[in-house]
Amino acid sequence: MGMMATFRSIVKRLRGILKPLVISRYLTTKPMTLRFPEESLESVQGYRGRHLLEPEKCIGCGICVSVCPNNAIELVEFMGQRYPQIHLGKCCFCALCAEYCPRNALKMTRLATISIFDRPSAVYGPEELSKLL
Amino acid sequence: MKSNPEKEETFVPFHLPFGPQHPASGHFYGSVKVDGEEVVELEPYPGYLHRGLEKLMEYRTHIQNSVLVDRICVLEPFSNEMGYVNVVEKIAGIEAPERAQSIRTIMAELGRILSHITWIAIVSLALGLDSGARIALGDREGILRLNEVATGGRIYPCYFIPGGVRRDLPEGFEEKTLEELDYLKSQLNLYDSLIFRNETFVTRMSGVGIFNAKEAIALGATGPNLRGCGVESDVRKDEPYAAYPRVNFRVMTMKEGDAYSRVLCRRGEIAESISILRQLLQDTPKGKFRIKMTTRTPKGNAYFCCEAARGELCFHMVSDGTDKPYRVKVRGPSFSHTLSEFPYLARGAQIADIPAIYWSLDPCPPDMDR
Amino acid sequence: MSEEIISSLKSEFADSILKVFLEDKKILVTVKKEGFYDVLSSLKGMGFDHLSDVTCIDYIKEQEFEIFYHLWAHKKKLRVSVKVRIPRDSSSIRSVTDLWTGAQIHERENHEMFGVNFPGNPDLSPLFLEDWEEIPPLRKDFDTRKFVRRKYYGEE
Amino acid sequence: MEKLRPKAMIKSIHEARAWSLWVVNYFNSCGFIELFPWLGSGYDMERFGIRVVGSPRHADVLIVAGYITQKAVKRVRRIYDQMPSPKYAMALGSCCMTGGMYWDSYSTVKRIDEYVPVDVWVLGCPPRPENVGHGLMMLMKKIKGGFQGH
């Protein structure tokens, strides 16, 4: 009986070694890795990225200021009228401001690559908000 | 304890930190008292991710809270939203429309599969099976892409809101999801051969961290950890909510109650979630996906439980008539996994089994600390 | 099923139970502080073996804490919530750790967050916060925004 | 260092440092989820020579991946002190810059650069993997440009 037991344990060991080799099918398929700067997983239409302000539609009502959970939005003076200024370092990109704006002046774009070296450049005033840099 | 008597008076427990910066501990510090190779006592020190969310929720309105609340468990935001949104609707006495209920169930099941796949990646990283982990990390992108298409957010969807969901599913979402589910179904066989039936994984996981049904219930275990000991308890079956009454599925239970049976429970749940999603995607009812709800909720309190990937997630909310909740208590499933089951299971185990036991319970430290 | 439990509770603890009623498949029990432990232990005997949550609510206007014990019976598939009111200043209530071992950490968290004392609980040391000198943070008279302005933003 | 070595050698030292950043294995909160594509096979940061190492003694970059609580900030500062200089720090998400989502929480640190000097802020809650990659590229460009770190 010892022969059968050792034979069976050898088979068990072999199966344990050979079974993970099923991964070799990844040798033939297209690699999963994207070459970052050239290829990258672009954000989809409707993704909640950086804001875009249309100054002519904005009436300066301040609903976005009150609905923002992080107090990221303030109204600032710009060319005679009050527009929202968004501190992207406080914003959580939840798009409640865009949803509750009565005039649909504030929308979310797909642009999400915002990395900066210093703190002050996280504050987006009305003119930066209205232009897609 | 098996420590021999003459060593008794000179025995000084050596404190081994299973610390916050440990590749397998994920911001939870357990001070392990060790006698040689055997663990004498494990003291949990949580709190590294405690933000005091229950206090913050008292300062925000229900709409702002529905955005804050899916930061509770980082790996599975949909079940937190499902819990919070339903408890607010319970107090307000309204019912989300039919279409919103089935959209919520679809996204909750997608979140469950995503959470289980992330858990597969982390548990195989903790046990050193890197190839399976890399493939599982790569497979998450499919479901995250579906999240992004449907809700606009990758990790935090901020999608459920008291009264329904914030926007409708785009067209073609059903076909994309069905395609993704077929791919995941085939990947399950790959995970089987790479991880679940892997020789080292099985020997390291089976016979480790054993507790029977009675002990598990006394410790407050829920979800796959309790189903691993043979108790058939699943909130989706016991107290059906959202669109779960219309769906039939099997509750996976194992008998041994050791780490490997919990692993198989979760693996079975992925297959069940795929079949649930296939049933839901056949006939999503048409109609409104959101009804208007007044921001103020009447005075009263409500308690709602839903089944998160890790276990029973309960919300207890007290409202005093204003638009802000007076008090919200969140019972995260990982609270009892990490603080009462893990120290119990770690007693008497070997040091090398600590990561295996810890990740067989699938804890989520931000869910424990809130 | 739940009607028998309600009737047996009413008959057994007529004096210490203030109100028992069924509300959408959940039994809600309001108990006086003296008899709450016997009600809980009899409920455990009836098969409510899973304690899912111990919730503490701070009613600062009435100077009272309200503690909820949410129980669940695995076999009967039934949920019970037991409500107890205790005074706010010298708030202490007997620990139920000997009925459900899982209750120890819930009570320890409530002790740290509200200051409720649970005699009989083996370990009530701080859980989440490290060297915290203020009053327990989840009480209503602790204003987190004033605290944050003073400690982090430096305005008084 | 500038005086002793010719200019070409100094430039190649910066280049070598930029292409071999080692990240310490301390990912503390939500940003950690967005590093999965970089750790795993999604974008695979080994292509840029960025590797995750277990001990701070071998690391160059500390990635602060989200909100930091009062209890965790002691460990973060100790890990940062243990790292040999030149060392850099990168902050993911808005919670470490201004408190973000938990601006009124009693237990989280509002400005991480009171404890750890941060070189690159990556915004987003949590930032997309492409945004994290953009931040890593900016850090590498900054190092190539002769930034000595701390």
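Letters are used for the chains, namely A, B, C and D, taken in the order the chains are written, and counting of residues starts over at 1 for each.
Simple rule for what comes next: contacts are C-beta pairs under 8 Å (C-beta built on N, C-alpha and C of every residue); 3 or more make two chains touch, one makes a residue touch a chain.
Quantities reported herein were computed from a predicted structural model and do not represent experimental measurements.
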Pick the pair with more C-beta contacts: B-C or C-D?
-> B-C
Subunit A-subunit B separation of Cα centroids, rounded to whole Å | 23
Rounded to the nearest Å, the gap separating the Cα centres of subunit C and subunit D is 43
What whole-Å value do you get for the distance between subunit B and subunit D if each is reduced to the mean of its CA atoms?
-> 29
What residues in subunit A touch two or more of the other chains?
-> 32, 41, 43, 69, 92-93
Touching at least 2 other chains, the residues of subunit D are 41-42, 71, 99, 101, 103-107, 125, 128
In subunit B, which residues are in touch with two or more of the other chains?
-> 47, 50, 52, 55-56, 59, 68, 135, 138, 141, 154, 156
State which pairs of chains touch, listing all of them.
-> A-B, A-D, B-C, B-D, C-D
Where on subunit A is subunit D touching in the complex?
-> 31-37, 40-43, 69-71, 87-93, 112-119, 122
Given the complex with subunit B, which residues does subunit D contribute to the contact?
-> 25-26, 28-30, 32-34, 36-37, 39-42, 54, 67, 69, 71-72, 75, 79, 101-102, 104-108, 125-126, 128
Within the complex, which stretch of subunit D touches subunit A?
-> 41-44, 47-48, 94, 97-101, 103, 113, 119-125, 127-131, 133-135, 137-138, 142
Subunit B-facing residues of subunit C, complex = 25-26, 49-53, 55-58, 68, 70, 74, 77, 79, 81, 100-106, 113, 127-130, 137-138, 144-145
Subunit C residues touching subunit D in their complex are 128-130, 134, 137, 142, 144-145, 147-148, 151-153
